[in-house]
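In what follows, chain A forms one complex with chain B and a second complex with chain C.
Coming up: the complex of A and B.
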């Protein structure tokens, strides 16, 4: 293999695939990046056997070929260079590469491309397209609720459901549940339900750019999902298992509903969480109706021996007076992804799940389990 | 379902047959415990199974030549993972399979196979799993995701927690008869009859060791050197024995495995002495040392030999529990009976 490539292109490509490079692994070759010539461009791929990312960058190909080299080393080297044209040549076949730039020269030992795990290609299967902004928002609002390293692996994923043109993303970690509904551009022929690793979706969110629709493909065996972005392909293994039936966890009615300004609620939550660092991060929310729909929301927290804090914000409160306590992190997490001016909170009793959602749309709902606290008078 | 399965494995006919028919009928259990002494062929059998379930050939799986088979053999297949004690680990204990390895297994077990049809996790040295690791594994052993199989390799069933063994199909691999090892060494590895006999006896029915010895003359030479030292030390006085203990302790600190091997040679040597004392001179392992062993048998009492065997066993156990090698070996030498020479 022999080619010339701009340092910016190399650096950009390596940045794209970097997150798919395995960090700690039993298969050392997964710490490599696969470089190959493909249709007049340089293709770079990396996989940690869960997610595989490939990207294509412009290069002047002189001789076709493929090689794998340690990703970390190559990235560090390329990023240390100034902007210039770098020539990449494989040394003796399957052994490594030589990089030459302006008065700089390096060789990196690698391994034969045939040793690299095959990058899965998804050619046929169930396909659809989705607007990049919509999917990005959906992922952003849902992945936060997925479990990090859980003994139940299905909860480390996001349940993705496709039916007709509707797309539903859901994640839960046992304490909270986030469900986002969106539309895809092409209707799918049959109903599809699968669990995509949350990490995969985070990568998709990170790599989306531009306004072009994104292709989504699922293999006929339902083992892999492909996201085709501009110049980037992300293929991910799907998680085996059954996602909990979450629809019954979403409260169907409420006795108290408040509408507050998102910014004010966020600020009050932040203040309260300072005192909530102690004592399991509990913050208490009291919703008091006033006259003509006006009312107040009181947010308080208390740290034994340190002190306490009470904040009050104006709100539209409907229904009965309500009291509920949440973990401050769960509350601030969801407030951070809402991105709307007004937020609605709904509840029934202080021991039933609370609901947080944007006021003006039905496409997102976030359910948080309350914390049990003594409500003194 | 696989059309035809022929595992390429010499010996262990019963186990091979059982696996072949299980593979043919797609009745492979989700978890197996393969037990047997080191080098007896547990890993070889496990790799053959891994190849059989992922082989791309339409007939006679595993073919051994398709990309899946070669990648599995090279250890680069994404769906076949061998989990073993990570001696090169930069942190954490280096003698156990820890909970982190098991957590990784659990996470990847729940992903669909990456390039093959079946995900296989081979625990080479399942007996070195910590209790936490073993307990974490129970969940996957209990309700394994589809297309996932676990093969646990261990020296014996007793070395594994009962909660693990009860969830596995147990298959025991016995050492091959010396005659069979001799034949295989002569037929497939071009050894002379005499050489094959010596190596086969030293291998104690573990074909893997014999094959390694046939490829690696240094291995045999090393064994020979150790035996030479052992033959000398048995007849030497306390001072020289302490000198030897010191040497062995240093070797042990440099290379645990090699140090342990030498203690096993001691066990075998004393066993030979015991056999001669009992009039079973034909069954001894170290045939090329027949005269020396006979001299030792005459110079030791039966009780002395047995006591010495116990001492070696005790030091192996103590060293496995991380005793100070120098102290453990000194104690062994101090208590060992002396040999009266005519």
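Coming up: the complex of A and C.
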């Protein structure tokens, strides 16, 4: 293999595949990046056997070929260079590469491309396309609710449901549930439900750029999913198992509903979090109706022996007075992904799930389990 | 709890991590590769070996042996204090990996779990492929060596796994059980301990095959009613299902003293320390306990456990300390030397002590 490639292109490509490089493994080759010539471009791939990322960058190909080299070493080397054209040549076949640039010359030992684990190819299966902005927003609003711990693997994933042109993403970690509904561009022939690792979707979110629709392909055995982005392909194993039926967790009615300015609520939450940090993270929210639909929302927290804080924001309050306490992290997490000016909070009792969603939009709902506190009075 | 029907043809794998503590230490510190490792208490006090690497086992060292003896057998061994939280972390990763392969995983200990592959595979070839992949994934993703036994029930899977250690992969297909078991020595069967083995040997039984084809009458003469159970097991019969049971039944912490302790103040201090660990573990799991248990072992290895139940469940350190101290006051004669002390909590209920309510999923 012999080619010339701009330092920026190499660096960009390595940055794209980097998160799929295995960090700790006894199969050292998964810490390599596979470089190969493909259709007049340089293709770079990495896989930790759960997720595989491939990307194509512009290069001037002089001789076709393929090789694998340690990803970390190559990335560190390339990133240390200034912008320039770098020539990449395999040394003796399967041994490594020589990189030559402007007064710089390096060799990196590698391994034969044939030893690299095959990147799963998803050729046929159920296919659709989706608008990049829509899927990005959907992922952004849902992955935060996926479980981080592995004690129940299905909860570390996002349940992705396709039916006709409707796409529903849902994640729940036992304390909160996030559901986002969007549309895909091509109707799927049959209803499809699968659990995609949250980590995979985070990579998709990270790598989306431009306005071109994204191809999604699921293997007929429902074991793998492919996301084809501009110049990037992400293939991931799906999590096997059954996602809990979450529809019953979404409260069907409420006795108190408030509408507040998102920015103000975020600020008050941030302030309350300072005190909440020392008091099991509890933020208390009191919703008080006033006259003509006007009212106030009081946000308070206290730290035993340290002090307390109370903030008040103006709100439209419908229904009865309501009191509910949330973990400060769960509250700030959801507020951070809402992105609309106005937010609605709905509740019934202080021990029933609270709902947070954007006003004037039905495509997102976030359910948070409250914290049990003594309200006094 | 999830179980599979016991009457259909089953594929059950036992996954057992080889020299688990030692393997983890080697992963964490590559300079230990290939060296005999002994993990456990100090040889100068009364520590015992919690784990020995295969290299150390060649010298005759094994777990539960006093460290002082193990060091005499293998003076060049590297001695490490156990890092249980680290092993626990690795163990959780392994279990999570197994649960990605099958929803029916029964964890037996920190390094051992049964995985039911019945619903994942239709044929033995498929089951073998899945089991092989699990072993490979544990090796590749986590860097840990594991042995796997695959059979149509838990018992045979367990024996198969043991015969292959380390890094073994032993499959005993349906119908091959007697061919596999018959030639094995009686001690290879789980359930036959040193005493039963001695009785069997005295009666001329050396192999499992001999037990399998003996008359029931003979077996019961040798081992009592248990003889019938042993015979069924020696024939490779085990209907017990793989069950998932996430329920924590009790939480406890205990300490073996390096030197016997006979003053009340030191015991109280130890109770406080152990209670703190118990309380922490309870609140980490969002549990509260109604029953607090104190365990005491004296120099004659006589162990007593005494419990007291409360009106209201708790996860509070002070409440646990108070109960345990009360139990100490009632059950310990002042000045009596104590070798081991433990505090436990049982009768558990899930509440999420932090006050965080959970979803019903």
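Here are some notes:
By definition in this document, the second predicted complex is superposed on the first by the 377 of 377 C-alpha atoms of A that agree within 3 Å, B and C clash if a C-alpha of one lies under 4 Å from a C-alpha of the other, contacts with A are read in each partner's own complex, and residues count from 1 in each chain.
What we mean here is this: contacts are C-beta pairs under 8 Å (C-beta built on N, C-alpha and C of every residue); 3 or more make two chains touch, one makes a residue touch a chain.
Note that the structure is predicted; figures quoted are calculated from it, not measured.
In this overlay on chain A, chain B clashes with chain C.
In the superposed model, A:99 makes contact with neither chain B nor chain C.
Of the two partner chains placed around the shared chain by superposition, chain C is the only one that A:172 touches, whereas chain B remains out of contact. In the superposed model, A:353 lies in contact with chain C only, and not with chain B.
For chain A, the partner with contacts to more residues, out of chain B and chain C, is C. Applying the stated contact rule after C-alpha superposition, one finds that A:224 touches chain B and leaves chain C untouched. In the superposition on chain A, A:27 contacts both chain B and chain C. When both complexes are overlaid on chain A, the residue A:327 reaches chain C alone and has no touch with chain B. In the superposition on chain A, A:238 makes contact with chain B only, not with chain C. Contact with chain C, but none with chain B, is seen for A:282 once the two complexes are overlaid on the shared chain.
When the two structures are aligned on the shared chain, A:370 is found in touch with chain C, with no touch to chain B. Once the complexes are superposed on chain A, the part of chain B occupying the same space as chain C corresponds, among 60-68, 114-122, 240-248 or 294-302, to 114-122. The intersection of chain A residues touching chain B with those touching chain C, taken from the two complexes, comprises 26-27, 49-50, 151, 153, 239-241.
Considering their complex, residues 74-78, 81-83, 103-104, 106-115, 139, 145-147 of chain B touch chain A.
Here chain A touches chain C in the complex through residues 22, 24-27, 30, 48-50, 150-153, 155, 172, 174-177, 239-242, 244, 246, 249, 280-282, 325, 327, 351, 353, 367, 369-373, going by the rule given at the top. Taken together, the chain C residues at the contact with chain A in this complex read 92-93, 95-96, 99-101, 103, 137, 139-141, 143, 246, 354-361.
The touching residues of chain A, when paired with chain B in their complex, are 26-27, 29, 49-50, 115, 117-118, 120, 149, 151, 153-154, 156, 197, 221-224, 237-241.
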